[in-house]
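Two complexes, one shared chain (chain A), two partners (chain B, chain C).
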Partner chain A sequence: MTAVQPLKTTAWMALRDVPWRAYLLVLPALSLVAVLFGGGLVLAFLQSVGLLGLTGDGGFSLAAYGAALGDEQFWRSLGLSLYIAFTATALSTVLSIGLAMLLREAGRWASFACQLTLPIPHLVGIAGILLLLSPSGLISRLLYSLGWIWISSDQDFPLLVNDSANIGVMTHFLWKEIPFMTLILLAVLRGIRPELGMQARALGATPWQCFWNVTLPLLRPGIVSASLIVFGFVFGNFEVPFLLGSTYPKTLPILVYQAFTNVDLNQRPVAIALGLLLSLISIALIALYLWLGSGQPFRRRLGGQP
Partner chain B sequence: MSETAYCAMQNLTKRFRGVPAVRDLWLDLHQGERLALLGPSGCGKSTTLQLIAGLLPPDSGQIVLDGRSLVGIPPERRDMALVLQKGLLFPHLSVGENVAFGLKLRGVNRADREAQALAMLAQVQLTGFENRRPAELSGGQAQRVALARSLVIRPKLLLLDEPLSALDANLRGDMQELILQLQADTGVTLLIVTHDQQEAVVMADRIALMFDGCLRQVDTPEALYQRPSDGTVARFLGGVNFFGAVAAGNRLRLTDGDSLTLDSAHQGPVQVTIRPERVQVLAERLCSTNLLPVTVAQSRFTGTQRQLVLTTAAGLELQAWVPPGQSFAVGQTAYAHLPPEALWCWPAAGNASVAVPEPELLSH
Partner chain C sequence: MSRNLVLMLIVAVLFLPFVPLLVWSVAEGWYFPQLVPQQWTGANWAAVVSPGSRVLQGFLQSLAIAALSTALALVVGLPAGRALGLMQFPGKGAIKLALLLPIIVSPLATLMGIQFVLIRLGLSGTLAGVVLVHLLPTIPYMTLVLSSVFANFDTGYETQARSLGASPAQVLWRVTLPLIAPGIVVGALFAFLISWNEFLLTFFVGGGRVLTLPMILFTSLQGGNQGLTAAIAVTSVIPALIFLLFSSRALQDDAAIGGLGDV
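For the complex of A and B:
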């Protein structure tokens, strides 16, 4: 038997027994984020409470928050933002699940096709929607040239951009996000063993029960993360509702932008307060969604014994 | 036989891209019977199981279960349960929820299905495991949960597809015991697919041996071992002694000149075989019939027996597996006794050198 040579202890190995080693290792990356993003947040917060700024006496004040929350426009905008974010996320989630199920057996081309819209900038997409859906757009013209009786001029075409129902905005988000979500869900679906479906069928599951009881629960992690990304993105998106959305009310990001670019510099703290509120709401919703999406609140134990 | 058949496969055929995987299969199962579908990899036995379970549609033929034709009946309405290799549990459900899965699909209310699941878990000796996740189970435990999940829905037919091949040898023995016990308790009709002849012998009342999509012989384990229908069957079941011979009534003349006595009558050219464990090796000439003087050419101890290779004066090679207590030195002379009732023969075909599939697991 040969004696085991004691390994040379290096600084790296000394770290091995530190319980929070993993956190220590991400520290460099984390500090970069902390300085650039966290620092910005701190500066923004200081401006919003009047401790730092171009105007005012430099004393602590929550006046900007009061002004933001007291404005009726804020609540209308919040409602609109939530409506757009929830509707767009829900629609793209449901449609993506359906599309992914349809493409489940398809070859590599399906994933490739889903990537096609990814590199297209939102502005190009918006321009496309305007060209297609506006009252003088392609679809309107096509219908007119086909001689559809109810289209005798561009006034007869329903308003689909800058409309109060935000159909143009939804159309754009669905066009952009469905392929993205389908791409993620396809990858998750391909990781689910097909034998599980076979096993469920052999235990008495109809194809629908099989989807509902086996495939969908196994897809859940993918659905949660993909829809979270979509929700966070849509909720904070500026250019799409700005160019395609309803003229009144406007979404929260537009409200922030307008307050920030206002010639009245006294509006600046309000703009920042609005921005911080937007982030807070976003974070709270995402945390709630993650908790619900983990399935933990619904998991129950059998047998009644602890 | 067919009037008592509980489950009957009639003329089943399945092709994949024109290549037949199962050809013209006829097989009957009696109620409460344990039948093993045995064959090498790729012989079509798993395909047959999927045809029975309804996971694949047959190209032709039909299956009748308990008087009902299953043509066009989807898997969920066939009153069967399937256990696959590695006990494929649903990873998102707890052990208890896995067992209750089939009951939930059948609309059994929560209290009832949980009570039944717990009772079933107790039957597979997994009391207290109901709240574990499948990832926390060992292979054997997962397989027991899979069994419980299948039995709790009281299937008319329980299908097991290589259920023990992922387990190690000791565990496999325990699981075989457990499955036999559960089958005896529930009286469920059992069809087990396996490539392991040992497993088939231990688990089944009858064995259906399958090669290249065709059934070759359906018989009791004893009959398969002692009276194989041909050389392919005998070789798959571990047969090693095959000789050409010419029969005249009960007398047999081997091609090398030795002559033997049979306990049944045959005529003309035959193939004769004897299981290596039925050959008796004697140090002295203790009897007179079917005794061949031999030389020990090889002796190998395998733990449970001694495997001898013997050669006769005429150059015939014969394998004998004798109890480990008997010891023979290489080069020693001895006498091989081939009891007439242990000899089995079938007519020699013109050139019946069919490709013999190698058994994947040799008996230990």
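For the complex of A and C:
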């Protein structure tokens, strides 16, 4: 979205738009986020190295990080978290682009349909999917009553929730995130002038070329930001893998939760160290993604061509 | 024609998880092979709406927390959205990214850090403490939506009102706010929904004493009473659905939704 510049620029407005006023306007929001988020991170770090907290002698120590990284479970959990976040984000992104293109001309009804899951709490989705996909769930009952041979009791139904492949988790994230991304992409698509596509077509581009060379590049900023929000969310989510996911290995946020709620207070710094590692990994991945998403590295490789 | 079919299919798939929830909430002893429950009951709903029920208390507490954090996010999000949407200044990109961090980086470490201070301030396990941490995700969403709304706002209207003798307060109240009202509704909708649905933040800071509706649903999900769980789950959807219906007109504002695609 580009800023629409006001047509008339009076002296009063020029004075009004000097930067200090802008900084003053963002100050309340920025300082609240800085104090809560930044302050929280600093306090977490101080606790994780033993400089602050209920236990320990108050000396600097990296023992918590050693304990966190030395545990084999950490690496298994990291792998699982990355697998779930990457798969769910990639699938939702590709399917949302397809769906948005398909619904592009369907009008406002398409957006309205995509808004259906927007207000549904994740926990409600989890409850619904449990009652739908579990061995004694509605789908299993439906197949049973249809008389399908391979299912003679609820024991025969394939495990789709709390399964080792995390199908239940993936189903939930796709159910929730595809409409969310499609809604954003539809709004961005409507902001793209249709003349651009028409012109490309008139100049002989195939529908595929038109999509690949005209629409997709224009849609890219929307795709990058929407998938970024989804990736960050899925990677840090706790309740979905906790209630629908595999029993072993567990995702990183569940590992943090278990260490935090451990009765042994010495586990507290380990929980915080794990939480900080989780934040650090997501910040690194986001930075990498934004760098790749900006198209900068590809541009450089092609020798400065736009 | 085929497009309408696709649309209907999408709506059906999206609605599918609600089918067992709605049936379970009024079913009695719905055992495995039965496709349709043999007996129906109103007991689950009676338990939800009975005076003094935990669900009802949680409902009101969630409502209060969501309303307060939405209002606070709006107060700081309006000026920030204006600056980010209408003005050019050095460091704008960095500020935008900083405001976005709380929704894309896992809040777990931050929460454990904040918790340390909240305990000492006596805010741990209080409504005020929960509202405070709910600002972490609500401010970014509110600011994003409003900055996109302001980017499509013509300040010429304000200049005109000022030149006709309106005071800055009058301009804000009579010109600016009415013009961006649809955007405010969308921002408030997102902030309200995020606070209403929030589980993890409440769980860490509420210390088990602030029992919002998601907390009660989470506890119920870990228990075995599927009928009651289903009734609580359906209850959790009601206010958000009402809010969505009232704001469906405002949600047609592409600039507001598109703000989430402009990070």
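Keep in mind that, in the parts below, the second predicted complex is superposed on the first by the 273 of 306 C-alpha atoms of A that agree within 3 Å, B and C clash if a C-alpha of one lies under 4 Å from a C-alpha of the other, contacts with A are read in each partner's own complex, and residues count from 1 in each chain.
Methods note: a contact is a pair of C-beta atoms (placed from the backbone, for glycine too) under 8 Å apart; a residue touches a chain by one contact, two chains touch by 3 or more.
Being a predicted model, the structure only gives us computed values, none of them experimental.
Enquirer: Looking at chain A, which partner touches more of its residues: chain C or chain B?
Expert: More residues of chain A are touched by C.
Enquirer: Tell me the contact category for A:294 with respect to chain B and chain C: first, second, both or neither.
Expert: Neither chain B nor chain C is touched by A:294.
Enquirer: Which of the two partners, first being chain B and second being chain C, lies in contact with A:193: first, second, both, or neither?
Expert: first
Enquirer: So in the superposed three-chain picture, is A:32 touching just chain B, just chain C, both, or none of them (first/second/both/neither)?
Expert: After superposition on chain A, A:32 lies in contact with chain C alone.
Enquirer: Which of the two partners, first being chain B and second being chain C, lies in contact with A:214: first, second, both, or neither?
Expert: first
Enquirer: When the two structures are overlaid on chain A, which partner does A:203 contact: first (chain B), second (chain C), both, or neither?
Expert: first
Enquirer: Have a look at where A:121 lands relative to chain B and chain C in the superposition and call it first, second, both or neither.
Expert: The second partner, chain C, only.
Enquirer: According to the stated criteria, A:73 is in contact with first (chain B), second (chain C), both, or neither; which is it?
Expert: In the superposition, A:73 contacts neither chain B nor chain C.
Enquirer: Once the two structures are superposed, pull the chain A residues common to the chain B and chain C interfaces.
Expert: none
Enquirer: Any idea which chain B residues touch chain A in the complex?
Expert: 53-55, 74-77, 80-82, 84, 88, 90-94, 96-97, 100-102, 104-106, 114, 117-118, 130-131, 149-150, 153, 159
Enquirer: Please name which positions on chain C make contact with chain A in the complex.
Expert: Listed in rising order, the residues are 3-4, 6-7, 10-11, 13-21, 23-24, 32-35, 75-77, 79-80, 82-90, 92, 95, 98-99, 101-114, 116-117, 132-133, 135-136, 139-140, 143, 148, 151-156, 159, 162, 193, 196-197, 199-200, 204, 214, 217-218, 221-222, 226, 229-230, 233-234, 236-237, 240-241, 243-244, 248, 251-252, 254-255, 257-263.
Enquirer: Touching residues of chain A toward chain B in the complex: what are they?
Expert: 193, 195-196, 198-206, 209, 213-214, 217-218, 220, 295, 301-303
Enquirer: Going by the contact rule at the top, pick out the chain A residues touching chain C in the complex.
Expert: 1-4, 6-8, 10, 12-13, 17, 19, 21-26, 28-30, 32-34, 36-37, 39-47, 52-53, 99, 102-103, 105-106, 108-132, 136-138, 140-142, 144-145, 153-154, 175, 179, 183-185, 187-188, 190-191, 221-226, 228-229, 231-233, 235-236, 238-239, 243, 253, 256-257, 260, 271-272, 275-276, 278-279, 282-283, 286
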